[in-house]
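Chain naming follows the written order as A, B, C, D, E and F, and within any one chain the residues start at number 1.
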Amino acid sequence: MNDFSKKECYDGSQIKPLWALNKFGVSGSSLVIFRGSMKIPQDEMIDMQDIIREKDLAEILISGDDCIHFIIEMFDDQPANLKVAYHRLHLLAFIVQKVVEEEYEIELVKKGTDLYHKEKKMNVAIATSSNSSSKIHFGINIVSTGVPAYVKAIGLQDINGKIDLEKLAERIGQEFIKEINAIDNDVMKSRTT
Amino acid sequence: MNDFSKKECYDGSQIKPLWALNKFGVSGSSLVIFRGSMKIPQDEMIDMQDIIREKDLAEILISGDDCIHFIIEMFDDQPANLKVAYHRLHLLAFIVQKVVEEEYEIELVKKGTDLYHKEKKMNVAIATSSNSSSKIHFGINIVSTGVPAYVKAIGLQDINGKIDLEKLAERIGQEFIKEINAIDNDVMKSRTT
Amino acid sequence: MNDFSKKECYDGSQIKPLWALNKFGVSGSSLVIFRGSMKIPQDEMIDMQDIIREKDLAEILISGDDCIHFIIEMFDDQPANLKVAYHRLHLLAFIVQKVVEEEYEIELVKKGTDLYHKEKKMNVAIATSSNSSSKIHFGINIVSTGVPAYVKAIGLQDINGKIDLEKLAERIGQEFIKEINAIDNDVMKSRTT
Amino acid sequence: MNDFSKKECYDGSQIKPLWALNKFGVSGSSLVIFRGSMKIPQDEMIDMQDIIREKDLAEILISGDDCIHFIIEMFDDQPANLKVAYHRLHLLAFIVQKVVEEEYEIELVKKGTDLYHKEKKMNVAIATSSNSSSKIHFGINIVSTGVPAYVKAIGLQDINGKIDLEKLAERIGQEFIKEINAIDNDVMKSRTT
Amino acid sequence: MNDFSKKECYDGSQIKPLWALNKFGVSGSSLVIFRGSMKIPQDEMIDMQDIIREKDLAEILISGDDCIHFIIEMFDDQPANLKVAYHRLHLLAFIVQKVVEEEYEIELVKKGTDLYHKEKKMNVAIATSSNSSSKIHFGINIVSTGVPAYVKAIGLQDINGKIDLEKLAERIGQEFIKEINAIDNDVMKSRTT
Amino acid sequence: MNDFSKKECYDGSQIKPLWALNKFGVSGSSLVIFRGSMKIPQDEMIDMQDIIREKDLAEILISGDDCIHFIIEMFDDQPANLKVAYHRLHLLAFIVQKVVEEEYEIELVKKGTDLYHKEKKMNVAIATSSNSSSKIHFGINIVSTGVPAYVKAIGLQDINGKIDLEKLAERIGQEFIKEINAIDNDVMKSRTT
C-alpha cells in the first residue's frame, strides 16, 4: 500500500499488464492501493457498454477528484482468465460493502460491482486481461466532486468525515487476500471424480 | 425448486455429475433447492480436511435433521474448473449472509464459506468437479438437532421460528443466478489487450 | 440480421472484438448478417498464408462488389479458443453448402472452409481471437465482380438470379445456431470418466 | 482400419481411455474402424438422456446386429475438452452424410449427430472424456436387425446391398482426418489480436 | 522430507490425489520424499505402454527392494494439466542427472525420463492427473535387488556405497522447487502481445 | 536451419507471432536456427525485469556481435500457454548445457535459463505469447564483443575456436525436438483418474 499523502492520478495506465513491476519493481500477483484523482480518456476505457451509452455526454466519462484505488494483477491462471477476474471483482464488491457497513455503519446497496448509498454511486469497477495476466481496478470515491455531471455520485467523506481512509483501505485489501487464499485452500482439500 | 413438503435426505448422491438430469430430467447448468435431512457417509465426503481432522470423532461426520439444500451444477467451463466453482461458492456464502441479515436481521459472521451466528455454525458447503461439470452443495441448518455432537451448530428456526423458508431459499437462488449472469455480462463488455 | 437494403462494406473492422456491441449495442455472443461489398487492406487481413502467397498480385487481396456477410462473436470459452472457433467455421461451411444445395440445387464442393461451384470460388472465410472472444467472418459472393482478377470467383446470382438472399441468409444463421446449441446440449448429457 | 472379416462386438469397452493402446499398441490420437455387432449395458452407456428416456423400454437400450464402428481418441487438448470432441462429432456426422449421399445417392437427414433415411435412424453417436483424452464412438447400422424394438432403424444394406463397406468406411475416416488437419492448419495461419 | 530410517513401501497408493493431505495433513502443492521398497500391482500401474509390453513377463512389473521416492502433487493449474506435469518430470530427470553427476561423479545417460548408468536403469518415473491435481512419482534405485528379473537395473549404492542418500535427496528436491519457482517468476516478468 | 553463412540480425521482430510463416512460408510449430548479431531496442524487449533493472545503463540493453539464435513457435496449446513455453525454455537450457558440456567439455553453470562459464554469461533467453502461439528466443554468444559493457559475457569461440557451430546448433535443435516429442508420448500412455 502506498503512502496516502503522495497522491497519484488514475489515468488508465495502471490497468496495463506489468504496471506494478514497471512502476514499483513488484513482480508477480499483486494488490496495490493508492489515493488520488481519476481521469480516464475514452481510449483507455475498458467498459464498452459505458462508452456506447455515454459517449455523447462528456469528453471524460470516468473521473473524480479524490478516490481510493485498488489495482490487482493476477498471474495464477495461464493463460489469464477474464471470467475468473470478474468473479474476484464481484467478491471484492461484497467485501467493500461489508467492511464499509461494519466499520462505519454506512448502508450500501450492491448492484453487480457497483455500490450505492441512497441511490448515489460510490465507486467504479472494471477488469481486463492480457494473455498472461488479468487486472482489476476498483476505485472508491472519497468525495463526489470531479465526477461527471450526469452521474449521481457520493464519496465516503460526504457521509462521514472521520473515516480513517488508510485503515479502511488496508482492511479491504486484507479481506480480499484472505478470501482468495481461502478459495485456493478449498480447491486443494476437495476430492474430485 | 422442489416442494418443501416433500423432504429428501442429502446423502452425497446429489453432488454426483448429472444428478439433476438423472433425477428430474433437467439438462444443463442447474440450481436445485430441496428440504430435508443430511447424512453423508465418509466415503461420499468431498472435504479431505474434514475427514482427516474428524474421522475419529464420529461415524457420520456431516449430518443434520432438517436443512435447506442448494445443489448447483455448472457446465459453462469445458473442461470443468474447480477453482471457478469455489469462487462461486464464496459468492453464494456472501449472498446467503446478506439475504438472511437483510430479511430477518439475523447477524452472521462469514469465515470462508461457513456462516456463524454467535459462534455457532449454520451451514455446510463444498464444491467438486468431474471432467465436464462442477458441482456445489450448500446446506443451511433449519434446526440444530441431528448435527454431530462435537459441532456447535444452530439452525434458522432456532433463531426465528417465523422464517418463510421457501421464500428465503428462492430469494437466495435468484440472487445467486443474478450474480453469475452479471459476471457473464461483465466479461462480454470489457476490452482486453 | 440487418436490413439487406442498407448495404455496408466489410473492411476488416467488423472482425475486431466487441464490434457488435460498439455498433449495435448487442452484448454477448452474437451472429450479425449484413449485405455489402468487401475491401480489406493487407494490414487488416488475418490470413497470413494469403498474404505471403498473394502479396505481389494486388494491392487489395480480398474484395468483392456484393456479398452476404456473417460476423460471429463467441464468448463461451474463457480465455477464447481459436481452435474451437475454427471447428465452428468448418461446421458453418458444411451448413452453407447443405442449405445452398438443398434450397437451390446448386452443387458446391467444399475444400476446408471454401466452397466452389464448378471450380469457381464462392466465399471467403476466416476466424481470429482476442483474449476474451473469438470471431468468424464468412462472406458469400452474390456477384463475382470486384473480386481480385487472379481469383476465379462466382456469385450466387451468377448461378440463379431468383435466390431470395435474405431468406437464404436467415436459414443459414438459424441452422448454425441450432448446431451450436445441439453441441452444448450434447456436452451436458454425457457421462465422463 | 481393421479387417472387416474379423468382427468385434462394440460393448462400451472401446470408448474407455487408452483402449487403442491397450488393444493394438497404438499410441496417441487415433481413429480405429471395425465391423461388428453392438450391445451396450446400461452401466456402460454415456448418454444420460437416453438412459432416463428409455430405461423402462428394454434391458439393452443400444444394440444392433452389424455395424461399422468408428472409435476416435484425441489427446491434442490437455486437459481433454468434451466440447471440442462434440464439435468433431458433429463434423463427422456431416462427413458421413456427405460421403453416403455422394457415393451411393442415399438421401440422409441430419439432426444433431443422428442421420435418418426416410425417418429411420441409421446410426448411434456419442462422445466422452477423461482428464487426458476425449473419445468418440460413431456406429453406422449395416442392417436394422438387432436394434431395440422401439427404435425405427435402418441399415446401409437395407437400402443398397452393393455398398463396398470397407471403401465407404475408409473414405469417411480419411475425410474426417483431412477436416481435423485443415482446422489445425487454419489455426496456425491466422493473426490474433 | 520423511526420516529415511522409517521405510515405507511405494505401492501405487501414494500417487493418488490428496495422498499427502490424507497421510500427513499437508495441504496444497507438495513434494514428499521417502525411502523404501516398491511393489506396484498391475491394477495400480499408470504406464499403459509398460503394461502391454511386459504383462506376460512377470506378475509384478515394477518393483525394487530399496529406493528414494519423490511424490509431487501440483494444484497450480485448474483443471490439472498432465502435459505440464510431464514437462516437470522431464525437468526433474535433468536435475537428478545433474546432481548425481556433480555430487558423486557418476555418469548417467538420460533417455526421456529414464536414467542409465552403463546401460543399466536407475529409476522409474511416471505422472498422472485427476481433475484438480497432477502427480509425479520418481523412484531412484538404491540397490538393484528386487527389480524384475528382465530389467537390467542398478542402484546408487551399487556404484558408490558412501553416498549420503538424505543429503542427495534433499538437494534434488530443492533444485526442483527452485526450477519451478524460476519458471513462475519468468512468466510474471514477460510482456505478451 | 538456415545457412550460417547468411547472417541475420536478431532485432526482436523474430519473436513476433507467425514470423516463420511470414518470412519462410513455414506453417505451424517450428524451430528456426540462424546466425547473426543481436540488437534489441527497449520497445521490443520482453523482459520487464531487465528493462527496469538496466534502463539507465545503456540505450540498447541486449546486444552482441555474433550469436546462434533459436526461434521456436508453438501452437499445440490453444489458447497459447506462456507457462508451458517457460517449461520448454528451461528444458532447452538444460539441453544446451548438456550438449555443450558433452561435445566440447566446456563447463557451464545454469541459473534459471542463463548459462555461465566461469561466471561469465553465455546466452540470452526469453519466452512470450499471443492468443494463438507462444514463442521462445534463445541466443548463444559466439563471441563476447558487442555485448553491453556492464555485462560480463563470454562466447563459445572465446573458449574453443574450433567448435563446429552448425553441428552444435543442429544437435541442440534435435535434442529439443526429441524431448518435446517424448513429453507428448508420455501424456498419451498414462492412465488418469
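What we mean here is this: a residue touches a chain if its C-beta (ideal position, glycine included) is under 8 Å from a C-beta of that chain, and two chains touch if they have at least 3 such contacts.
What you see is a predicted model; the values in this text were computed from it and never measured.
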item: Contact distance in steps, from subunit A to subunit C; value: 1
item: Each chain counted as touching subunit A and subunit E at once; value: B, F
item: Interface numbering overlap (same over half, different under half) for subunit E and subunit F; value: same
item: Fitted rotation between subunit B and its twin subunit E in degrees, CA, nearest 5; value: 120
item: Remotest chain, subunit F as reference, centres from CA atoms; value: B
item: Reference subunit E; chain at largest CA-centroid distance; value: C
item: Approximate Å spacing (C-alpha centroids) for the pair subunit C, subunit D; value: 28
item: Distance between the centres, which are taken as Cα means, of subunit F and subunit A, whole angstrom; value: 39
item: Length of the line joining the C-alpha centres of subunit D and subunit F, rounded to whole Å; value: 44
item: Residue list for subunit B, restricted to those that touch at least two other chains; value: 17-18, 21, 27, 48-49, 77-79, 82-84, 129-132, 184, 187, 189-193
item: Graph class of chain-chain contacts, one of line, ring, star, complete, other; value: other
item: In contact (per the touch rule at the top): chain pairs; value: A-B, A-C, A-E, A-F, B-C, B-D, B-E, C-D, C-F, D-E, D-F, E-F
item: Subunit C partner contacts - residues on subunit A that touch it in the complex; value: 48-49, 51-52, 79-84, 129-131
item: Sites on subunit E touched by subunit B in the complex; value: 18, 21-22, 25, 27, 78-79, 131-132
item: Residues on subunit C engaged by subunit D in the complex (per definition of touch); value: 16-17, 45-49, 77, 82-84, 86-91, 94, 98, 112-113, 126-130, 179, 182-187, 189-193
item: Subunit E contact footprint on subunit A (complex, rising order); value: 17-18, 21, 27-29, 75-78, 130-133, 184-185, 187-193
